[in-house]
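Per-chain numbering from 1; labels A, B and C assigned in written order.
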C-alpha cells in the first residue's frame, strides 16, 4: 500500500458564502444547439438519478437513464421514512444556511468537506420549493403552510416530511419529472438493465456496458458523460435496511476503471431496527428515529433475564442511555446509540431469544400522555386504566403506522410489551471520491447521491440523505457538468464501435461466462451471507486491528472460494436473478476487502467508524485530528492492491471540537 | 374519431353510457311499476287500463318510448362491448381466485344478470308489448292488456320465469344503482350513505312490486 | 433462534419466458418458521431447488418493507395474500397454518405479460405516468414553497392518493384487469393540489387514453381493487377521475 496526497478537490476560491454563487456565474455554459448533440448517461433512478436525468433533459441534453428494477419508481430512496432537511427557517427558530452547514459538519464528526456541505445547505431551500411545485404532498399545518419536525443532532425544526413516507413522496415527485421527459422523448429509459462496466477512451469516460436483465443481452451505450447515481453499498453486510437489489457493482466497476473510492469504511449503523428473528432473515427493517422522542431504551439489570419486558419491575431496569448521557439521554446521535446497545448486549444483558436486542419502551410515554389528556379534559382523579387507554390513543396517533409494521413483522403488540430493537446497517457515508464538480478521478465520470462520499463525513444526520440526493441531481450537477461538457462540443457522437467498447464488452461477457461455467456447489446467496458475517463481526459497529487483519485474510479466501465453487443456475441469455446476484456478490467481496483495509488504516475513531483501540476511558470515540483529518481516497492498482491518496480537510469556517453528548 | 365518439368509446365513456342509460331505465322502472301497480286497485283493470291507454297513445310518451327502446339497446350493446373488452384484458385466468374476499358476487356478475334480464325482456315483450304495438300498428286498436295478464299469469311456469326475472333485477339493481353514481363521479362522503340507502331500498321495492303482480294474479288475489 | 416447524405445500406457476406456456409445479417445504416473511419462505425454497440442481423460482422483490411496490404474487387467489393492507413482502408465515397448500400465481393481465415464473412486465404503468402524471415544472422555476398555502384536508387527501406504490395489485384483483385505481390515484393527487390545476384537463384526458391503449379493462365498480390495495387507496379516487375525465372531455378545447 503506497500513499500520496495529490488530490485536488477543485473547491472555488473565496469566502465560503460566495463560493457557489461565484462558481455558478462563472462556470462554462453549453449553448442549446450543442446540448442536443451531447449525450449523458445516468445510471440509477433514485432521488439523485431521477432528478439529474430529468433536469439535464429539461436543459436540452440527450439523456439515457438506466435502472435494474422494473421501473425507476422502485429505487430504494423510496424507503426513506423520516424527512428532508432544509434551512428554510419557516419556524422562525433561528435556522440558517450556516447552521445547517455547521450541524452537518459537526454531525459528520469533522470528516466532510466544507465547500460541498455549505453548497448543500445553500440549495436545501430550493429543493423544498421544487418538490412542492412538482406536487409533492408534504405535511401541512391548518393554515395551509408547510409543517416541520425536529430530528437528531439539531436544535431547530427544519425537517419537512410526508407522514412516514417522505422518501416515497420525493422519489415519486422526481420520477414523475423523469417520466415526463421520457414521454417527450428527451430521456430514453432502460428499465431492468444493469450497468456492468464503464468504458474509458483516451482517459475520458465515454460510455457503459449494460446487460438487459430480461434477455441477457449485453449492450454498449456511448455518452459524453456518465453519472453514477447508484446508491450505497450497505448490503456488503448481507443484512441491512437496504433493498435486496441494492448493490455496489456500478461504483465498483468505476473504481476498478480508475475512480478512487473515498472513505469506504464509513458506514452508518442505525440504532432502531427490528432485530433478527432467525437464520432465514433476508433483510432488516428500520423503525424511524422519531420513536426515540418518546421511547425509553433499557435492558434488565440482571444478565440473561428471560422475563418478558413488561414483567420486569422498574428498579431492575437499566436505562443505560439516560445513565450514560444524562444531557441527551435517548436522543444521542445514531452512532452513539448503536454502540451503547452493542456494548450492553455484548456484556450479556441483551433481551429476546437471540439476546441481540434491547427494549424500546413506550410505557412512560403512555402514562405521560394519558395524564395530559386527563388534564386537558379536566378529569381530576382518572383511573390508571383510563390513563393507559388515553395514553395509548395518543401514541397510536403519533406512531400508529410504525407500531403496526412492528406488529406485522414480529407478531408482538408493542402497545402491550416493549419493542425489541437492535442496530442495523443503514447507510454508507463512503463512496466514490468526487471533487467539487461531483466528478470522480475519471474525467467525464460523475457520482451523485449516496454513491459518492462527499457530504456526510463519518456520520450522517437524519433527514440529510434525501437532501443530498436531490441537491446533487436538481441543483449541482446541472451546473457543474457544463464545465466539462463545454469542452466536449467538438467531440461528436460517441461511437460504440471503438475498440475500447469491444474490449470492455468482451471482458464483461467473459466474466459472465466464467460465472456460469464454474457450476460449483454453493449458491451466490450463501457466499453473500458468509461475507456479511465477516463484515458484521469484524468491520461492523466496533473494529480493531487484529479483527480487521483477520477479516482481510478471510475475505481473500472467500473470494478465491467463490470463483471456484459458486453455482449459478439458469442460462445467461435469459432473465436470471441468480446470475445478477452472483455478479453483485463477487463485487461486494472485493469491496469488503477494501473496507477492512480502510478501517485498518484509519487509526482513530470518528462517527460511524469506531476503533476499539481509540476510545476514551468512558468508552467514547477518540478522534485523531492531527493525523487523520483527511479523506482516504483509494486507487485500485491490482487484485488485493490499492494506493491511498489523501485529501486533506481544511476547516476555515468551523472550529473543530470533540463531540460530547453527556 | 371526433372527440365525442372518442369519449364515449373510452373505458370511462363506456361506463358513463352504462350509467346514464341505466339511470334512465331505472326511471322507466318507476313509471312502469307505478302504472302496473294500478292492478292492485282490483277494479277489474279499470284504473290500469286508463293509464295504459294514456301511455299507449299519448304522443309525448310514444316519442319517449323510442328513447326507451334506444336506451335498452344502447345499455345492452354497450354492456356487451364492455364485457368483450374486459374479458380481453385478462386472457389468462387465475387457477385459484378468491374474489369473495374482496367483492360481492353480484357486483362481479352484472353481465350474467344482465343477460338473464335480456332473456326475460324478450319473453316479457313477446307477451305484452310486441303484440300490443303490432296490433296498434296494424289496426290502430289497443289490446286489452289487463285481460292478457290474467290469462298469461295462469301458467305457473310463466309466473316462475317472471319471479326469477325480478330476482335478477334485484341483484342487478343492487349493484347497478350505486355503481351508476360512482361511474358518474358522484361519490361524496356526505351523500354516499343516502345513495346507498336509496339504492338498496329501490332494488328491493321495485322488483318486489313487480314480482307480486304475476303472483297475485296466479293466486287469484287480483282478478 | 426460531427454527421453524411448519410444513407447507406449494403450487407455484413456472414459465420460462413470455413466449412459452407455463404450468404449476408442486413443492413441499419443511422447517418453515412462522416468523419468516412469505418471500423468505421462497428464499428457502430457492436454496433447496439450487441444491437439487433445479432452477429457482423467479419473483420480483426489492425493498422487502412494503414500499417499493415490486413484489407481486397472487397468493391463494388474492394479490399479496390474505391480509388487508399488506404487501407480499410483509406477509408472514404465521398467517398460514401448518400443512397448508398455497397456490402462487403471477399477476394476470393482458397489459402485464409474464416475463418469467412470477415476474411480470409492468411498464404499462410507467407509460401511463408519462402520458400526464406530472406537473410540468422545470427545475429552477419554482416559487417559494410557502407562497402557496394548501388547505390541510386537501394536502392530506392528496397524500393519501399519492401513497400508491404502483404494485399493480388493483389490476390483478380486478375481474376486468382494470388499472383505474392506479390511474385515479395519480389524477386525484394532482387534481387536489393547486400545482396540478394548469394541466388538470389535459392530464385526465391523456392518462385515460394511455390507460385504454395499454389494454387494461374498464371499471365495473366491484371495489376489489381498493379492498386488495396494500396502501388502501380509496375507491373515491375513481369517482374523482370519472368526474375529471368527463369534465375535461366536455370542456377542453381538444376536438
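Just so we're on the same page, contacts are C-beta pairs under 8 Å (C-beta built on N, C-alpha and C of every residue); 3 or more make two chains touch, one makes a residue touch a chain.
All values derive from a computational prediction rather than experimental measurement.
Per-pair counts of C-beta contacts peak for the chains A-C.
Set against the C-alpha centre of subunit C, every other chain centre is closer than that of B.
Distance from per-chain Cα centroids to the pooled protein Cα centroid is smallest for C.
Chain centres here are Cα means. That of subunit A falls 26 Å from that of subunit C. Between the Cα centres of subunit B and subunit C there is a gap of 36 Å. Averaged Cα coordinates give subunit A a centre that lies 62 Å from the centre of subunit B. Chain contact summary for the complex, subunit A toward subunit C: residues 51, 54-55, 58, 69-76, 78-79, 88, 90, 126, 128-146, 162-163, 165, 167-169, 172, 175-177, 179-180, 182-183, 189, 191, 214, 241, 243-245, 277-283, 285-286, 353-354, 405, 408-411, 474-475, 478, 523, 525-526, 567, 569-570, 574-578. Taken together, the subunit C residues at the contact with subunit A in this complex read 1-4, 16-17, 33-37, 39-41, 43-44, 46-47, 49-50, 53-56, 58, 60-70, 86, 90, 92, 94, 115-116, 119, 121-123, 125-127, 129-131, 133-146, 148-152, 155-156, 158-159, 162-163, 165-166, 189-190, 193, 195-196. Residues of subunit C touching subunit B in their complex: 11, 13, 24, 74, 76-78, 82, 103, 105, 108-111, 173, 175-178, 180, 208-209, 211-212, 215-224, 227-228, 235-236, 238-246, 249, 254-255. Interface residues of subunit B, counted against subunit C in their complex, comprise 2-3, 7, 10-16, 82, 85-86, 88-99, 101-104, 107-108, 110, 175, 178-179, 182-187, 189.
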